[in-house]
Structure formats: C-alpha cells, structure tokens
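One structure is given here, and the rest of the page talks about it.
Going by the order they are written in, the chains are A, B, C, D and E; count residues from 1 in each one.
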Amino acid sequence: MAERLLRTTYKRDMALIPNRVQWFWLIVLLAWLFYYPIFIRGLPSPGFWLTIAILVLIAATGALGLNLLSGFAGQISLGHVFFLGVGAFVGGTVNTEAFTTLSGVDFWGLGMPWWVGVLAGGAVAAALGVIVGPAAVRLRGLYLSLVTLALVFLGEWLFTAEALAPVTGAVRGRRVDPVSFDVPVLRDYVTKDGEALYLAALILALVAFLAGKNIARSRVGRAFQATRDRDIAAEVIGVNVTWAKLTAFGVSSFMAGAAGALLGVFLGNPLGSNFGGAAGLLISVEYIAMIVIGGIGTVVGAVFGALFVVALPELIKFASEQGWLPFIAESGAGTLDPAAFSAILFGLFIVVFLILEPLGLFGLWFRLRNYWKGWPFSY
Amino acid sequence: MAVVSGLILEFDDVHLSFAGINALDGVSFTVDEGELFAIIGPNGAGKTSIFNCLNGVYRPDRGHIRFKGEDIIGKKPYKIAESGMARTFQNIELFGNMTVLDNLMLGRHHLFSSSWLAASIWLGKARREEIENRRRVEEIIDFLEIEQYRRYPVALLPYGIQKRVELGRAMAMEPSLLLLDEPVAGMNLEETEDMARFILDIREELGISMILVDHDMGLVMDIAERIMVLDFGVNIATGTPAEIQADENVIRAYLGEELTA
Amino acid sequence: MTSEVKSEVRPEAEQAKPVISVKNLEVVYNDVILVLRGISLEVPAGSIVALLGANGAGKTTTLRTISGLLDIHEGKITKGTIELNGERINKADAADIVEMGLVQVLEGRRIFAELTVEENLKTGSYTVTDRQTVTEAHDRVMELFPILKQRLRSTAGYLSGGEQQMLAIGRALMSDPKVLLLDEPSLGLAPLLVQQIRDIIVDINKQGTAVLLVEQNAAMALSIADRGYILETGKVVMEGDSNRLLRDEDVREFYLGLHAGDDGKRKSFRDVKHYKRKKRWLS
Amino acid sequence: NGADPTTTTSEPPPPTTTQPPGPTTTGMMDELVYDVGFDPDTGTIKLGALAALTGPIPGIGASLLNGHRVYWESVNADGGVAGMYPVEVVVRDNAYNPETNVVVYNEIKDEVLAFSSAIGTPTTASIYEDAAGENILVAAGSLASQWALTDNVLLNLGANTYFAQFANAPYWAMNVADPAIITDESVVGIIYQGDDYGQDCKNGYDFGQANTGFNHQYEATYAATDTEFSAQIGGAQAAGVSVLFICALPTALATMLGTAAALEYSPTVFGSSPSYNPVLPSALGGGDEAAGLAVFASFPYYGLGAGPEFEDDTPGMAELRADLEAHRDAIGVTDEMINAFYYFGYTQAQTFHILLEAAVANGDISRAGLLAAINLVQDVDLGYGGAAGGYGATPLERIPTNEDNIGVPVSVTENVFGLMDITGFFEAPYMADWDPAG
Amino acid sequence: MNATITPLIAQVTDLSVGEEIIQLTVQGLGLGAIYALIAIGFVIVYKATEVINFAHGALMLLGTYIVFSLMAGVVPKGAETPAGQQSANFPEWLQWWLDIPVAPRFALSTLVAAVIVGLFGVLVERSVLHKMVGQPVFAVVLITLGLELAVATAVQVIWSPQQKVLPSPLPPALKLQVGNISIQWANIWAVLAMGVCVLAFFAFFKYSRFGVAMRATAHDQEAAMAMGIKTTTIFAIAWAIAGVLAAIAGAFYVPARLAGFITLTPVRFAALSAFPAAILGGLDSPGGAVVGGLGIGVAQVLSARYLNPLFLGLEFPNFHLIFPYLLMIVVLLIRPYGLFGTPEVRRV
C-alpha cells in the first residue's frame, strides 16, 4: 500500500495509471467492455443494446477529438460533422470493393480491411482539417465557431454534388460494407456484423482515448491549453500558437474522420445530407453537447458526454415505449406521445442538469470520487 | 551570431504609437551581460510597452532592437522566446486551470522536439523528454520553495505564490535575459522580501541578465544596478540608483517629494 | 513620514455612529471553505478605517460580503450580521446596496476592457438619475486624473495598468458614494500617484464619505486612517487607533519593514535574508 | 448491412419452409410455417412501423402512421389476416433520422415479422441491406423509384413513383390533353429540389423528354431549406419557359407560385406529389381559399400522382371512408390528419395485407415465406379506379405501377385530398421501355 | 373527370438585365430583412450575455403559432387543433375579435404575440438562465439548446404537428408595381417591420442607461453589480427584447417566406439561417445585423440566379447555399470581428 502513496521516480509519477488499484479497475472495465456483446445476447432487444453501444463508442471517439480541439485548445468548432462525413465517405470507399449499382452507377472502392478505411478516413479528414487554418489563426471565439459552421453547409454541398458521385453517391448516398474480422479465434465472439462493428468501434475508441490522454498530458496538450487560455502569453513563453491551433484541428479532424468511417459502416448507406445542412448542424451541436455535458477539457468527460447524449434520449424513448413512463398518448396521436414526451424530457434534462452541474458529468464524477476517497471521513 | 562584447541587449531609438498616442518616442538603452537593469516611470510612461516590443508582441514603428547581436524586430514572439528571452507579466498571465507543474513545464515547451504523433503514443523520445524536463522543473520548484503547491491549479493559489510561480515559469525557459514587469506589485512586505531574495539569487547563481520594472522604489533602489526613467515614452534619465534619487526631473515626474525626503 | 496627516482627523468622528457595522461574521465558500471566522468591525460615519492583513487573510472577502457580492463567488454568510446605517443588509442585493450609497472598488481593477474610458465612467453613474450630480462627479474625476481626460475615447483595456487603476477608482466616484470600500487602490501606481490617491481619499473623506480601505501599503493606509484592523486567516488579531498600531512593534516589523533595533530605519532588501519568521501575536 | 448487429454474416438464411425453427406449430393451423413475429398461441402477427413523429416532418409522419393503423384496426375487426390472425403493429419513432432509424429498427426487428411501414428514403436506405440479409420485408414510406430495384423493399401499390409522375406527364400534355398543353412552340423547364427526391423527378422528366422530344430549355435546383425562389422563377421567366415542371415540397411550391404570380409570370405548372397540399390555396390567398384557387388556376396548375378523391365512389374509397369512420376514435384520427399521407399509409397497409393473405394462403408466414409471397401477388386491384398493380419475380418487375394520374386543385371542402383527378390512371406507351437498371 | 381548364401560354415579361438585377435585389432585400430581424435577436442576447441563443428559433416558433391562433381563431388543443380558418374554434365571447378586418388584426396579433413571447423570454430567464449567472458560457449555450428542444416539441404537442395556414393581409401574390419591377407587399412590410425594430432598438440604447450597462454586464458581471447594475434586470430585458423580436420575426416570416403555410420545421430552423448575417455584421452590433442580413439576402438571390447555372453545369448544384458562408468567411478574414463588431481587447 505504501506504493500507492509514495512515488519514488518521475517516471512512475508521470505514468498514466500510477497504482495497482487503478490497474485493477481498469482491467475490470476493459473486460466488461469486451464481454458486453456476449452479455446482451441474453437480454430482450439485444440489437438495441448493441446499436446503442456502437453509437456511443463512435460518438465517444468523435467527442474525444472535439474535446482536444474545443476543450483543450479552445477552438469551438461547429464543423465537426463535416469531418465525420469525410471519414464516412473516404472510409467507405477504402473498405468497400468497387461496385456498380443496379441502376448503373459506378462507385469507386478499394476493398481494404476496415482499419485501413478508418486510418484513411482519419488522414483525409485531418488534411482537410488544416484548411480551417487561415480562419483559425485570424479568428477567435464564437466568430471562429460560426465560420466553422460554414463547413456544415460546404459539406452538404460537396457530399451531394453529382460530380463526386463515385465516392459519395451524390444525393443517394453510397453503400458501405460491414466490418469483418478474418480471425478464426474470434469466430464465436464475433457472430454478426453488428458485433464486428462493436469490436472495431471499441478498439478505435480505446486507441482514441489513450491517444487523447497522452496528448492531454504531454507538451502538446499543455500547448493547447495555453493557446486556449492566454494565447499572447503562450506565444511569449515560447508556444507557437499557430502550430498549436493547426495541430489541434488536425488531430481532432483525424479522430472525427476515423469515427466517421465507422459511422458510415453503421449507417450502411451514408448520405451527404446526413452530414450537412440542418441535420448536420444538429450533429455538430450534439458533439458540443457531449463535451460540455461530459465536462469540457477533460478526456474522460468526452466519453461520459457521449454516453449521456447518445444513449439517454434513446433510453428515455425506450422506457416510454415500454410503457414505463406514465400519462402518455399512443404513438402517432400527434400529442404527447412517447416520441414527443422523450424529446421534451431530454431537452429539460439538459437544462436541469447543467443548472445543477455546470461543469458537467466530470464535475459530478470528481465530487463523487473525492467523496469516496475521503470516505468515511467525507467533509 | 555576432555578439557585441558584454551587451546582451541594445534598444535603439525605438518609436511606438497607438492611434495618436506616442507610447515610445525614441527610447534607447542597453543592457550588459549579467546586469540587473531597472526601468521606472509614471503610469502610462511606456514601460510595459518596451517589454512588449522586446517580446515581439508589439512591432515598433521605427528603431532597432538587437538581442545577443541579432535584430529581433519582426520575429515571432515564440522565436524570440526560443532565443532566450523570458518574462513575467504585470497582470499575472498564468494558466489558471493548469497545475503549477504544468505551468512550469509549459515554460520548457520550446526545449522539446518530439512531434504530436510521438506525444500521442507516449513512447520513446516523447516520454524521455517529458521525464527529463520534469526533473529540471522540480529543481526550480525546490528553489522557489513551492513544493507544497505543485499539483494545485494555480488559480487557487494566493496572489503572492502565483507571482512566484510566474517567476518559476520564466526561469524554466532557461533564458539569458529575464524581463520582470512589476514582480512585487500588490505584495505585502514579507512577500516582497522573499521575491527580492529570489531575484538576487537567480542573478547570483545563474548570472541571468534582467530588466526590472516596478513601482516599489525601495526594491528598485536596493537591488538595481542601473536605472532608466521613462516619462511619456521618453527617456528622462539613466544612472545608478543614487543618481536617480537625486535627479530633479525624476523627483518631479515620478518620485514625488516624500520618498526622497 | 509617519503621522502628520493624522492630526487632520476630526475628533468627533471617533464618537460618531457607525455606518458599517459587522458583527461576528462567518463566511464559507462553496459550502466548505471557511474563510471568515467571526469578524467584527465598525466604520464610524465620516471616518477612514484601514483593513490590513497578509495575502489570503480574508480582506477581500470581508469587502465582498459587505457589498453583497458574495453570491456570485459561491460564498455564504453562515453567521453574524452586517448593518449599513443601522439597516441589516445580510441578504441585500449588490445593486440595492449601491443604491444605498455604498460603492466598492474591486480588487484587480476590473474595468470593462471593451468599453471606452467614458463608457466605463458612465457605468459608474448608473444608479444616479440626477444629471447635475453626474456632471459634477465627472468633472471631479477629470480633475483628479487628468490623464483619463486625454483618454476618454480610448478603449479601456488598452490603458496601462496604472491608468486602469485610476479608471477603476474614478468609476466608483461617479456615483458620489456615501461609503467607499477600496480594495488595494494603490496597486501598481507610481509613488507620486500613491501620494495623490492618498490625498484624494482624505479629500473625499472630508466631504463626508466614510472609507474602508484595504491596502498592502500599510504605511500609506495607516497614515490616513482613524482606525485599523489587522486580519490573519479570517480573524481580527489586532485592532485600534491607527496611531497605536503604528507604534506596535509587530506592525512596524511586518507591515512597515521597520526593525526595532535599526533606529526605525528600513532595512535594505539586499540585506534581508530569506527566512520564515514568526509573528508574535500568533504564538 | 453491417451496421446492424444481428446480421448473420453472408450465409444464406436457414430454410424455413420445410421445418419451422421455433416451437412446432400447434393450435390454429397445423401446416402454417413461421419463424419470427408470429405467436402461435394467440395467432398474432407482429409488424413493425418506423414512423417520423418528431424531427423535421412530424405532421406527415403522424398522418401516414394513422392511415396505417386504421387499416390494420379494420383488419383486426374482421378477425385479422385470413379472418384469424390479428395484427399487432409495433411503432417506433425514427425522427426521420437515419441514425435513429438504425437504432429503433434494431430494437424491434427481432420481434416483428416485417416492417409494414418505414418512412423516408434516406432512413429506409440505412436499413434495407440489413433487412435483406435477414429476409425482412420492408414497406417503404417513399415514392422513390430506386426501390423497384431491391428484393425486399416494397413500394406502395396505391401510389405512383416520382419518376413515373414526371415521365408520364409530358405524354399526357402532348397527346391526351385537348387542346395539347405542350406543343412544338412550348418551352419547357424544370425546377427540382436538390436531393434524392428531386433527382428521381428529374430522371423521370429526362425520360419523358427523351421519348416525347419536347423543347427542354431550363433547369434549376433549390435546397430544401430555401425560402426565396425569385432566382429560379426569374430564371425560368427569362428563359421564356411556358411549361414548368416543379418537384418540391408544399411550402416551396406555394412560395414559388406566389413569387411567380407577383412577377406576373404564369407558365403552366406540373407539380409532383407531394408538392401540392390541400391547404395551399388557402395559404396563397392569405387565408382566402377562393383567391388562392384562382391563383392556381391562373397558371394553371396540374398536380401529378394525384390519386383518387376522398369522395370517389370507387369501392376502395368507400372502404377507406368506412374504416375511417369506424375506427378513427379508437386510433385518435383528427380531421387535419386526413390527407394524402393518410391515404398513403392506408394503402401501404392494404398492399401489405394482400401479401400477408397470400403468404397465409400459401401456408408460410416465415420471413422467407413472406418474401416469396411477393411473386404470388400480381395484378392486384386495390379498388381505387386505377389499373391493377402487382409485383413480379425479379426486381425489375417489382414496379407496382408505371402509371400516373393528374388532378387540378379544388376546394378542400370538395375533396379533403385537395386535387380533383382529371385523367384517371394512365400510362404513356413508352413507359414499358423503362429499365430502371440502365 | 375531364379537363376543365384551358392552358394559357405563359406571359413572359422582358426585363432587361439591369432591371432583372434590380428585381432580384428587391427580392433579396425582402429575404434579408427577415435575416436581419432574426439576427438582431441574436445580437441582443449576445450583447448582454455573450451567449449565442439557440432557443431563438423556438421563440420564433412560439410567436408564429400564437399569431396563427389569433388570426385563425384557433384555441390550441393538441391533436384536436383545427388546421385553418375554416375550422376556427374561438368561443362565442371572442367572436368580435375575428370580426376585426384582417390587416389590423394581423398587426394586433403580432403585437399580442410579441408581448406574450417577450414575457415568456423573461420567464425563461428568471426560471432558468438566472441560475447560470457566472457559469461557463458554453454551459449556458447548451441550456438554450435544451430549451429549444423542449419548447419546440411542446409547441408541436400543443398545436399538433399538422400543417396550418396563417391568414394574413400579405398573400404572396399581392404586390406593388414600380415600372417593370414588382415588389411583394409581404417584403415591403418585412423591411418596414425590421426598420421599426432597429430604430426602436437604437432609441432604446441611446436614450436609456441600459445600453452601456448591458455591455458592461456581458463583460464582467461582478464589476457591473458593483456599479449598482442589476444584472438580472439586464438579462431579463435582453430576453424580453429577444422574445419580442422573435415573435415579430415569426409573424412576418410565415407570410413573407413560406407563403402563409406553417409547418414546424422551416420556422424552427429559420433562425439558423440568420447566423451568417449576425456574424457578418458583427455579433454585438445591431446595425451590423441589418447590413449583414440585407447583404446576405441579396447575395443569396443574385448568386442563385447568376452563379448557380454555372455550378450546376459542373454538377455542383445549389451553389447559393454556400455563397453566404463564403462571403462571410472572406469578410471575416479581412475583418475578424465582422463589419461592425467590437474587437476583443487582447493585450498582456
């Protein structure tokens, strides 16, 4: 136990998981995450629990990226969905074989393994992320946010353009093949496309989380935060703020693009208008909601936030459709039916939650953790 | 690099103006290697503006600034920082959400060379660098006696400690010229004494040249070797503390009768 | 430089009824951090009272509590009362307290950086409806700080540190307050200006404004104050007539830098060794 | 497709026609084969409906769903499918959002036999491949002709695709209408929404143009969020367009026509469904329906894919009205829900019902059995006065109808669907040549 | 079923290119006036709180439906709500209201809606945002987003999601002919309404002490309070004004932009389309909102007419969708705080 209190080397002090207790819980958590698809096989509506989990993992990856950009580097971006879209189409093109639809439209495709698609989606998104550069260098705060909003509309315009049809399928979207693992060991573990996608999304999310943690605690993360808090002072003490901003856009777009590649798989037929216009803006805003509700500027916060924003509305809906919530009209009655009720409830939930806990779930978690740390001598 | 013997800084006929205000109107001075040079003057005289010109935050309209023999006008602030100029600020410019450790590590940002990709994997060089720089930062923390605050977000620390952390951050940059903008403003006597001690020790132990700006005449007169007095962007006197204290112009424009009495 | 200003104090001020009276005040931040541990102090009408103490002692907190700005810092009064002119203001809104004539100059300038100097001054007269008063107050501020007059249309955020401090004080004077709380007004001001500020405070006070003055520059503060309080970690450890405080050995050593053995002369900073000392009143 | 967790990878579905995998069939009908979504104890068939009850089109979503529910309610009132298998519809809201659609689809797909209603083209696109992998039949709440190419997505026999609407109309305007509306002197143009819907219209228009050779001179797109159309309308005007095809949503159509009227530009307009809406005249007239109808007549306006009128005395409409009256209170159908989307939902259920009946008659209501039943349903007459529709064995034959019908606006008091059919169902001779696959 | 209508040959008017540009500019100004009205709503809340109010669209929606209820004589009852004027269900004692001629009734309805939504804005501020004083700006932004979802869905539930018709004195075909140029009355009134709002706004800032107080509050709430500024009053005023502007914008949006046809979504998301206008002019500048709104409106129409065909030929349709954003980016790269926005003070 002494080890838990005293750290004798800097190496140990700076380790991500400095003690055995934390290692223990981490391993429990990981084991549970990998066991999850097997666990839910026995539940009613396993498909629901699996899709929700996949969406949460994909969203968490995207949110981790946005959190580095907005939470750490302070560049609030409304254009995140654009990079998800780039990832979806590029990733889809890379991991799907070329094909021709029945109506004779040719699609490009490389038929590579899923992770190549993920990397390619990330790389292309990162490259495009840097185009925001000139604006990011000159603009600040909400002005920059609203300029990144342009990406949402630019994205819709590009993704639905007939000229890019071999990649995006223009207005009709493109087909994206499922993820597959050609590993015999996993035969009983991955029995369905959905489980394969879950595994891929889990691996990606874990990698993104680790990378996010490392970036946050390294010189890069510090430079991001310095840029966010006081950019002039940061520059004076030796931080190249332009570099920091571009790196932040690059890294965050990379994660968005990688997440987008799997989102494309999830959607099966990603469509330009999913990633642009009003629908796209809502997605961007959802990502901002994730990092704010999770706790802005904290790496775990992004994950909490993804869980809250993606899973909660579905769970409320699930609950009200199961009839667990009272006083609701039947679906489609055009009044307070489960769907409308869930939407109102979710809206109010955000309001109430942020009033009570403006620092987000991370703030809540922080307080709980401190409470338990001190237990039984809390306060 | 052509180092003019003994001079670390030459500030030569610098003019700077903002929408009709002449903040600096042809100011010249030099700082010797290892010297503790002070700049004083009434509020709005242009002291902070001189620092901002040195750092590359402001670009003078006219004039030359040579640091270690190299003209630095037009260079980016971070480049100037890399070449060895560090600074504390009149209004504390620490990163309030970050811990003392992180603030100090930030001072060493330019001493790293690993890429963001390496950082995200935290292997090899990236990790080695983090650990090595951490070691140096701990030395500074020991020196400034702020061990107990190491992991506190700086925003929670008392004002006097924050000022000390800011000094630590500047030290962490391994500078050859240190600019101190009102390091003891708002401090009580005890803290001022501590700060004076640190400044003197830094100079003695590390031999770093310094430019000190402050309105605490006790401090300035006690520790500065040479003082320049600025009024409305014009250099009205330069000399030793004793000379300055006796200067009629300086008394009229800045010191007032009481202090010298 | 000690106490020649003292003699100007009118003797009746000592007996006057307090405008501010704080009794047994206890303040907690975030429900857990106990900062003031039962403070009592009084500001008699028409007097200047100095509040001294180390960093973090709770001086700013005391002022905040009086002017109703505790809420916004997640602070709470858990015990004690505050009275302004005999009226209990524990729960009063900051804006209402200003309407009652009490204005605070916040620590750290806190000017509105994006507004011009003139607009900043306008916010100071927000509560005043009488145009005449505003014009007079404006003229007075211009007279006190001529440099601000040249800068009326400048963006306040671009003023130098000292100019901003002047603006902060000037802004508070715009409403012609009856009670003025000053939190470190001399911070970052040139020596000449510190003298001027001191004179201004005396001047304002002469016009009937009571002043509660928080200062690190103890010499300056005590030279004009009628009374002084010394705060350490949330408690009043010493209080009294400022002449008495000025004679106190500890105060002389720790607040004025004058040492008993040195013929009352200040020791050079070069000679002060870096060591931790003990204050007698704490031991 | 792979998004969806329970897709068996690439292996063909287990055969269900010979031996049911579930508990052996007992009770009702010994030889009935089933797998998912059928409760042998109660004989209940469970169907899924993916509806848009929040999000961008909750009004349309509610109408469509209610038409659907009323129909099944009436089926159940008669004892159910084949008079003995009642239908239970499990409804989920997809908010017209593909991502949500995948989630809710997965939530209920393991308990339902098929999806008798799934609103929207982009939403349906997100699930149909997964559904195909599991032999799940999906009835699309969409008029996109692309569904003709899929094995497991069912088009509504009671409605015409956008393609068919625009491909047939020129023929009617040139050869049937008297006097001809499009002549050699006519300059023809098209304004369409820049999405999959508009694209389908545009393809139909192009096909019609290629076959009739009308003088096409102008083409412009707009975006679904646009509220200002003077550029598109002004462009048509400047190009001298005298017959304008518009593929839009009601708000956009109203705004376009209002702008055209203000610009004193009155081309003959052909609008796809659902461009027209029965309350549009009232809107265009500022609340005065008669004034608005006059504006429509001044172009004049022809509504394509008009469908029947509410008061038609065809057997189909008689039944629709009767079912509505009988069950509206139970379902909660209000007056304002009764519109073309209600009709769509109703006929969609009707189309689906025919398939179910065929499957039951065939003794197999497993998922594969239901899919196979598509081929059993040919030349069905829904009873609305049109030619028979039906499905064929190959995707290319699964175009339920290549017909169109055209109506003109009338007062909503005359016809709650708003358009008076002036042509009946008709099909241009060249429609037989259409090959959606090339 | 036989064709009863004889088709006409379209009347093609011959506008010269110059006239056509004027005609399109006039239309663009009508579009821009609405953008400006909405953008001013953003500006006021931003000015007082530095928050982008995502709930503005929901306030607009609420205003629109209140105007609808008053104009069509409809008491909302969820799914039972009748669709239009034909089925008005106002009680007997309110019939006199429906006898008022349409034009004054529209003006009165707009006024009533403005008051109600203004009060609703105050209510929202008091009950929710009030508690967020001193909290991180983005938490507040998100709260407005949560409010948007709740309020907009509540409107859907209260009035039912089915399409409605807003009876108004401004049907789209009603126009003023000036030479060869037609100007729709709906546009004229939109511009007038916008103008009146802006003038009232300027007067309010000039002749009341709230203007400076509002900016002070946004910048530093504590310092503002120390100056005796009741920051809660300031916030309430800002939200009240935003509510009033939203209702007015909603009332004019439907006849001028949607041809009197109400469905939820276009109104709800209308506010988003005014972002470029607000930012182009400078987020804290009402004058900027006007210039930005009108500028973007005109640019959008002209680009749709003259640039779209070019891009359509390249298989990139609907260029006019992104043109306002491109314009916005170019302006911001030159002037980072918009045309008239206040630059942030940045110094060390």
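By our rule, a contact is a pair of C-beta atoms (placed from the backbone, for glycine too) under 8 Å apart; a residue touches a chain by one contact, two chains touch by 3 or more.
Just so you know, these numbers come straight off a predicted model, no measurement behind them.
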item: Interchain contact steps from chain B to chain D (minimum; 1 if touching); value: 2
item: For chain D and chain E, chains touching each; value: A
item: Reference chain E; chain at largest CA-centroid distance; value: B
item: Maximum centroid distance from chain C, chain identifier (CA atoms); value: D
item: Rounded Å distance between chain C and chain E, as computed from the means of their C-alpha atoms; value: 48
item: Whole-Å separation of chain centres (CA-atom averages), chain A against chain E; value: 33
item: Cα-centroid distance, chain B relative to chain C, in whole angstrom; value: 30
item: Euclidean distance of C-alpha centroids - chain A vs chain D, Å; value: 36
item: Residues within chain C bordering two or more other chains; value: 158
item: For chain B, residues contacting two or more additional chains; value: 57, 89-91, 93
item: Chain A, residues touching no fewer than two other chains; value: 160, 230, 232-233, 236, 278, 329, 333-334, 340, 343
item: In contact (per the touch rule at the top): chain pairs; value: A-B, A-D, A-E, B-C, B-E, C-E, D-E
item: Touch list for chain A against partner chain B, complex; value: 10-11, 13-14, 16, 211-212, 214-215, 217-223, 225-226, 229-230, 232-241, 247, 250-251, 297
item: In the complex with chain E, residue positions of chain B that touch it; value: 52, 57, 89-91, 93
item: Chain E residues touching chain B - in the complex, by the definition given at the top; value: 347-348
item: Chain A-touching residues of chain E, taken from the complex the two chains share; value: 46, 50, 52, 54, 78-79, 128, 131-132, 135-136, 138-143, 145-151, 153-154, 156-157, 160-162, 269, 272, 275-276, 278-279, 283, 314-319, 321-322, 325-326, 328-329, 332-333, 336-338, 341, 344, 346-348
item: For the chain D and chain E complex, residues of the former touching the latter; value: 54, 56-59, 61-63, 177-179, 181, 185-186, 194, 219-223, 225-228, 230-232, 234-235, 237-238, 240-244, 250-251, 254-255, 257-259, 261-268, 277, 279-280, 282-289, 291-292, 295, 297-300, 332, 334-337, 408, 412-413, 420-424
